[in-house]
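As structure tokens, the structure follows; a few thoughts come after it.
Chain lettering (A, B, C and D) follows the sequence in which the chains are written, and residue indices restart at 1 in each chain.
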Amino acid sequence: MVNTTGTLQFMGKPSIVSTGVIVGPMEKQSPFADSFDEILPLENEPNETYEQANTRYIEKACSVAVKKGHEKLENVDVFIGGDLINQLSPTNFAARQLSIPLLGVFSACASSMESIILGCLLLESGNAKSILAGASSHHPAVERQFRYPLEYGAQKPKTAQWTVTAAGFALLQKQAKSAPIISHATIGRVVDGKQTNPLHMGAAMAPAARDTIERHLTNTNSKMADYDIIMTGDLGKIGLSILKEMFQDEDSGVILQDAGAQFYGEDSFFNAGASGAGCSAAAFFSHIYGQLKKGVFSRVLLVATGALLSPLTFQQGETIPCIAHAIECRMEKRG
Amino acid sequence: MKKVMYVVLLFLFITACSNTEEKENIYSESDSTQLEQVLKKQESINGFKSVMDKNDLLVALDIKRMKRFQMEKITTKITKELEEKFPNKEVMVTGDLKIKWEIEKVIDQQLKEDKLVEAIEKIKSLSKEET
Amino acid sequence: MDQKQFEKIVDEQNPKTPLLVNMLKAFLVGGIICTIGQLITFFYMRFFSFTEKTAAGPTVATMVFIAMILTGTGLYKKISQFGGAGSAVPVTGFGNAVISASMEHRTEGYVLGVGGNMFKLAGSVIVFGVLSAFIVALIKTILVKMGVISW
Amino acid sequence: MISSIITAFIVGGLICVIGQLLMDGFKLTPAHTLSTLVVCGAILDGFGLYEPLIDFAGAGATIPITSFGNSLTHGAMAEAEKHGFIGVLTGMFEVTSSGISSAILFGIIGAFIFQKKKTTY
């Protein structure tokens, strides 16, 4: 059923059966570390390029998700995924290995939620039974594409964020037992806050997050207090405080949280926190998913934010347009 | 005959002013006083080292740190003054530390005649190299 | 909420760049690098036949060599995070830009990767160095020919 | 010797402070900062001011990237003095080669030796 301005309602109870989250060595210190499925000791094996490593992370996350869902890879109908590398090559190459029909999606760091939304729509249409959806990012590979070579000494400001090395994928099926369901989703608009600093993405993405959250709340006739948590993807510490200022809602202080701001704890080495498509995917599919399953949370809004810039557009002096996709997850009380 | 005269003169000279200060140069003492006359009145230097043979005069200045900005001006000025005093010599003045070290080496070794000419040529070629 | 309000919030929430502290750090790190350079210059003057002027060449080469070791072992970016311009402005920073780029693109092969991308970051320094040197030298030559100034 | 080490420290440090000011105060990227400083070095040499600075500070003036612009200009002007306008073109790299050639050489060597087994941060 189509609601107003980009909010979708799913009647068929698409649910997240299982998730697989594979992270790199730097993510070991994350407060979410306990809920990750596997922490790999190396970002890339010797004689392996960063891009190949990213592909391997995706493959691994997918097989873990499928295995945990007691499903077989060949029974998965569609594989929907995205990453940050040019032409989505890691996702495409992973799909070559997995040999599942592929839909590659790109909305920068919001790719994780975009693939979930697409997956839910496919389930709703009845044309697919089980779907793998998610996203990944790989720090060295992303860094070399968007910023500087890894070993180049450039001073990072306090606003800079650290791209996580992580792949997070979820197995979606209809009406699974004791699994969180996705009830609504809001497709993001591209919002431009006229920010130009690529080392301060939080400020650029905050308006997009605000737009999506606000539309979702009005379209579903709810308010912030109805949710246990509204978690944004990778605004970072400063981006989150900007978002809170923008809402000026008394509930926003506690309910609004950010995966990027929490991902690495308080370590100042990471400056404003984490970013990347893998950041929202890893945090949502590990920590939040676990809390939903345990019944700690019963209604959450997950908003993945993405900055749609490329080194090219930045150098050509364009501002940074941003997008945010949201899904609402509910866990029905048992019995 | 002339040489004998020189030696006598030199001998007289040495005995006349035997209480000279730190010996910062070698070879003819008469030349050395002339040299000192010029260099002593320079305010911009702390000291100097020099060697000379029949045709050449090398002076390495220890220019005061804050005056090193005008190093080129100082060296050309002193070169001119020295050229007036030693019209038959090729004068080279520098503020380079390396030349100073090299001159010190020559002074220490107390080289004579041919060897000295050779050493001076070597130092000259060193300083003529471009950066 | 309009653009103006939003920009005001961003300005308020932005952490202030500690300009003074950063400048002090840059001064320290840059000063230390130049001091090491000076010591190397003395080394070349003492043990080889280099004068103060000519020792600059081998000194620069040695500093770039040190930059290679530090870049390869991952130390240079740590120094940079602390020192900022203090480690970027000396020639070691130039070396770091060249070496990090060539290390990064080794996976694409030596010709297209290393050779093609080596000056990705440092190339602009050479380009604008040459351009400005050309213009400055040209103006000076013209002025000398016109008799306004002498060499 | 001690005094030249102190001047190298102070002058080198001050040039870096100017760089930091360009990066933080004027929000330039490192590449822009370095390019600006190189151009400054070239212009200073045009006025004949950079060589005295080298005389004064030694490595404090030759190690920062500004000396790169200086030596390019210096080579060009030295050749121009000898050969006129053609010299401006041909003399440019006469004296600068060591920085660039060593960077190229060590870049290739670095890429060759440091085939990273593990990324460290």
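Rule of thumb we're sticking to: a contact is a pair of C-beta atoms (placed from the backbone, for glycine too) under 8 Å apart; a residue touches a chain by one contact, two chains touch by 3 or more.
Computed from a predicted model, the values in this text were never measured in an experiment.
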Most contacts overall join chains C-D
By Cα-centroid distance to the whole-protein Cα centroid, the innermost chain is C
Distance in whole angstrom between the CA centres of chain A and chain D is 45
Taking each chain's mean CA coordinate, chain A and chain B are separated, in whole Å, by 78
Per the C-alpha means, the centres of chain B and chain C lie apart by a whole-Å value of 41
Chain C and chain D have mean C-alpha positions lying a whole-number Å distance apart equal to 7
Contacts with two or more other chains occur in chain A at residues 150, 154-155
Residue numbers in chain C touching two or more further chains are 17, 22, 52-53, 56-57, 71-72, 74, 83-85, 88, 93, 97, 99, 101, 103, 105, 121
Residues in chain D with touches to at least two other chains are numbered 1, 4, 23, 30, 115, 119, 121
Per the touch rule above, chain A residues touching chain C in the complex are 49-50, 144, 148-159, 193-195, 200, 203, 206-207, 210, 238, 241-242, 245-246
Residue positions on chain D within touch of chain B in the complex are 1, 3-4, 7, 51-53, 55-56, 71, 74, 78, 94-95
Touching chain C in the complex, chain D uses residues 1, 4-5, 8-25, 30-31, 33-35, 37-39, 41-43, 45-46, 54, 57-60, 62-69, 72-73, 75-77, 80-81, 84-85, 87-89, 91-92, 97-104, 106-116, 119-121
Note: in the complex, chain C contacts chain B through residues 45-46, 49-57
Chain B residues touching chain C in their complex are 96-99, 101, 126-127, 129-131
